[in-house]
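Have a look at these structures, which come just after this line.
Here come two complexes built around subunit A, the first alongside subunit B, the second alongside subunit C.
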Partner chain A sequence: MSILSALFLFATGAVPPPAPPPPDPPAILVSRQLLASEHLALGDVIALSGDPKGSRAREFRIAGVYEPVPDPARLGMVPLEARLHLSDLLALIADPADPAASESVRSIGVKLVSPAEASAFMRDLTVRVPGLLLRELAASDDSDVTFVVLDRFHLAISLVTVIASSIFLLALMVMLVDERRDTVAVLRLIGLRRRRIFIQVLAEGLVIALAGALFGVLLAVVLEGGFNRFFQWRYDTALVFVRVTPAIAARAVSVAVPLGILASVAASWGLLRRGAMALARR
Partner chain B sequence: MSPPVVEARGVTRTFPMPAGPVVAVRDLSVTIATGEFVSICGPSGCGKSTLLHILGCVDTPSSGELLVDGRDVSTLGDAARSALRLSKIGFVFQRFFLLPMLTAAENVELPQAEAGVSRAERRSRTSALLDYVGLAHRTHHRPSQLSGGEAQRVAIARALANRPRLLLADEPTGELDQATGQQIVGLFERVHADGTTVVVVTHDPAIAARTPRMLSMRDGRIEDGASR
Partner chain C sequence: MSAKVWAFALRSLARQPGRAILGILGVAAVGALLFDMLLLSRGLLVSFRALLDSAGFDVRVMAADAPALARPRIAEAETAAAAIRALPDVDEVASLRLGNAIVTGPDGGTHDIFFIGADAQTRRRPWILLEGRDLGASDTGGPPPLVVNRRLATTLRLRPGSELTLRGDCARGVASAAPPVRFRVAGFAAFPFDDPKAMTAAARLADFGRTCGLDEKSDADLFLVASREGRGPEAAVRAIRALRLDLHAFSNEEIVARFQQVGFSYFRQISAVLSTITLFFGFLLITVLLTVSVNQRFAEIAALRALGFTRRRVVLDVLAQAVLLVGAGGVLSLPLGLALARWLESILHAMPEIPAAMHFFAFEPRALATHALLLALTAVLAALYPMRLVSRLPIAATLRSEMVT
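On to the complex of A and B.
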């Protein structure tokens, strides 16, 4: 048969065409974590399947790596992801028994920049595409959103911290002021007025409170990087866990300074309202 | 003739206590003339320190009148009495009461600064005062670096800083040994000789014996106000 074939080919003067090169697999992107966990490299060809059993797998070539968008709701879950072109994705997961599987869309969600314009948008769309069933979804109530709850939890913690530290600060100031009882007694006996000493204590309280608040902000800024690096390493994520913004720093200072002054005033007033000799006597 | 430096007329001082009021000074009248050197002595609890505090406008009498330089000060408010102490009255205490964080010179400068004396004048006056009490070489020492006698000398220099008309001392030798105590009394004699009225509270008869006038107190009253 081979001789006949060769003869036939020779007789016709035709040369068998070379076999066409296999088509290049479609390109995909994989997440950094997937690349690392499966020891993959750029240019590798991998098989993906929409079925957990691996049926109807298709080959893809890794064209690039991406860092998944950090999602606090998925903290602790390693994002083993791949990004495919829409057509490749449809071809991969479409049901072959359903001829319309790759052509029909059941619903489309549209998020408007201005939710207030939803009604006008729906009217306009109905006119343009008759037959569409349009439904406006109310914006979800923020109160049940995980991170709003977390925010409130943080607020509660910060309030408790501020109240507890204020009590501690007041106790500390009372002790510090009491240690200066002799000094206040001397100043009063020499002839310094209460108001004069009070202003002095107030100025000291202001300086200490300001210095303390600024030190706290500085410490937070210094620790911010360390905290973020540790938890980003711990959870293998690009999430930012701690962020000290100028607004947060300003808020901290604006709470700390009045509290510090208030504590020093409250503590010193207890001492100053007493007579000079009462202070001098132990 | 100048008015008495300080005059108490029918002064009573009562302290309210949970167990009932305690009368420390009873209907007491005394006059301290300009240039006097007076000691107040008596047993513990007889009211001598309370009397000194009233005379020095640190405490206010429950009743009676107190005149300083002829002016009734018994009804003055706290700020006015503070101003009076700053300008006219110097205090020396048993426990020195120097400010530990300040040097000897700074302790002496403090009342002058409060009285508004200029920096140059303060320095000059402080230097002169420390020299006067024999501590020119201890100007920059802190109280913790001074002996008891030296600390009391600094306290005396501080009490004299604003040129007071009246120098009051409450047991000024109570924490000193006898020899140092005698030196301090000698210093008071010198201050008196230089024209300042001095009133010393003491329970030491030897010190009281060195003053030209001694007021002997018992149960809140003056038993004997003899001049020698």
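On to the complex of A and C.
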């Protein structure tokens, strides 16, 4: 091409268009933990590979950050995760030698219009597509068993704590009763009957137990936030470790109050059975 | 403290036996829980370490630093194992293939079993033979040998010499096209990582490959490596890492350290929290008991001081009472704690996939020492306030006040 013809082409706008910019890397989401641990930022372009050696790496752009769904079974493991479009993931990890690799997935989530018909749906699908492994997500699995066992363990620990607390309470009530021996003697000497004093002891036990139980619940509510914050920081998770629900508070009070009353009655029993003169050491 | 101080403190406690017994029982309950929490804090680590060490292999080599189910296999395993075996820091290498198999029971029902293919050339085995014979390296004619765990033997009513047929299911979800293989039970073995419900069988690598339809010299899931005596596992790990950059070698120590970071850390946290609470509880109990006791004995203590007891002597009396209460409770807490640990262990062992040989509560002398130290510290701290009350008691004013009241 001569210079003249080149100039002509330029003047008429017939020059070859410039090369198009490279396509924007596909978008991905990364977990908050991955973003922090690798010091990434939104909009960064990162390379991912499906191979530990880093071969066949592809570039992706961080479009967003997400908080992984907390999983108690993975406590202590930092969720360094990324979410890719399925087509991008298949292109990244598929074995080039296996033509079917880009068409296979590990699992398919199905949301039924009528969840109550899950069993019938699974039976039907098993007949239509043999070889599929179907599992109802609402069905119990090993992780459920783990938490049932942990629940039993917590219950056992609570039982031991209640026994220790009851002994402590009984010791306190015995000392309280000892302190009030002279008072009880005077009350008996001025004519109050055993039954009347017994009711007073019961009432006192009830008040002390109620006050103690309510204080305990209040303390648990106050500590709940601190406890959760500490363990959420410790494990870098959004899991809630302690939750004081009305049902739990009611359960604690329903155990503590009868125990408190029982402790005050047991501690006072010896005192109530003695005669007024014996109490007055006469 | 002299014997007189102890005797005097003992008499002081014996004067109010109900109170003293309740104090001791309270400390025993608190001490038992504390002891259990100390056992729990390291129980899994101690028993996990014991399980890893039980077979005599101190290094594990795998293809990737990933959980077992997601981990790729070691390719060209035979060559890799031979290269590792040739290292001067390595004594022995055993290749392992892990899979599943299906076996039909005497009732006609099928059972899924955990199926292991192991190198039969090694002196060490990743299992403990309990009865019968181990897998031999050479063929003796007849069906190939198989070692099975007790649970499988009981379920299928097997005895050494019994025969059974396995259908391999080893390709992680892909059914094997290999024909079923008839095996002869050579012996019964205990597999350290079996959970109580596991049915496990192990065969030679070649027989495993035949059952699963795999090439005899194909991949391996894991190499168990025993370091040479005197060299240590760290040297073996370094040598393997230098030899094969693509393989991941870990000493038992490193695996335990990793387990400590992620596995069951919940139990360490709960033991730390409960230990703190129980200690505080014990401290509160003893402080209240001694303080009330001292308050009730002000007149007596003032009288003793007036009679010539030194301040140091009455303070030591309070300290001795605290030590006696905590000491007696502490001693009682040990059998209580052990019984409680057995109960809690039985609850926690219902968790799925926990090896039967793994224990949440494992006894260590250091746990006993820590328990004694923490209780002693609690006794001293709990006695501080009542000791202060006694040491600052004004003799004349107290006596006058007691006379007036």
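Here is the rule we use: the second predicted complex is superposed on the first by the 229 of 282 C-alpha atoms of A that agree within 3 Å, B and C clash if a C-alpha of one lies under 4 Å from a C-alpha of the other, contacts with A are read in each partner's own complex, and residues count from 1 in each chain.
Definition applied: contacts are C-beta pairs under 8 Å (C-beta built on N, C-alpha and C of every residue); 3 or more make two chains touch, one makes a residue touch a chain.
Note that the structure is a prediction, hence the values are computed from the model and not measured.
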item	value
Partners on subunit A (subunit B, subunit C) - clash or fit	fit
Which of subunit B and subunit C A:Gly191 touches, first, second, both or neither	first
Touched partner set for A:Asp44, first subunit B, second subunit C, both or neither	neither
Partner chain in contact with A:Glu59 - subunit B first, subunit C second, else both or neither	neither
First, second, both or neither for A:Ala156, with subunit B first and subunit C second	second
Touching partner for A:Phe231 - first (subunit B), second (subunit C), both, neither	second
Cα-centre angle that subunit B and subunit C span when viewed from subunit A, reported as a multiple of 10 degrees	80
Superposition-derived comparison: subunit B or subunit C, residues of subunit A touched	C
First, second, both or neither for A:Asp182, with subunit B first and subunit C second	first
Partner chain in contact with A:Glu67 - subunit B first, subunit C second, else both or neither	neither
Nearest-approach distance, in Å, of subunit C Cα atoms to those of subunit B in the combined model	6
Touch list for subunit A against partner subunit B, complex	182-183, 185-186, 188-196, 275-277, 280
Complex contacts: residues of subunit B adjacent to subunit A	53, 58-59, 78-79, 82-87, 89, 91, 93, 97-100, 110-111, 114, 158
Complex interface listing, subunit A residues touching subunit C	52-53, 75-77, 133, 142, 145-146, 149, 152-153, 156-157, 160-161, 163-165, 167-168, 170-172, 174-175, 178-179, 231, 234-235
Interface residues, subunit C side, partner subunit A - complex	16, 18-19, 22-23, 25-26, 29-30, 32-33, 64, 173, 246, 261-263, 265-266, 269, 274, 278, 281, 284-285, 288-289, 292-293, 296, 340, 343-344, 347-348, 350-353
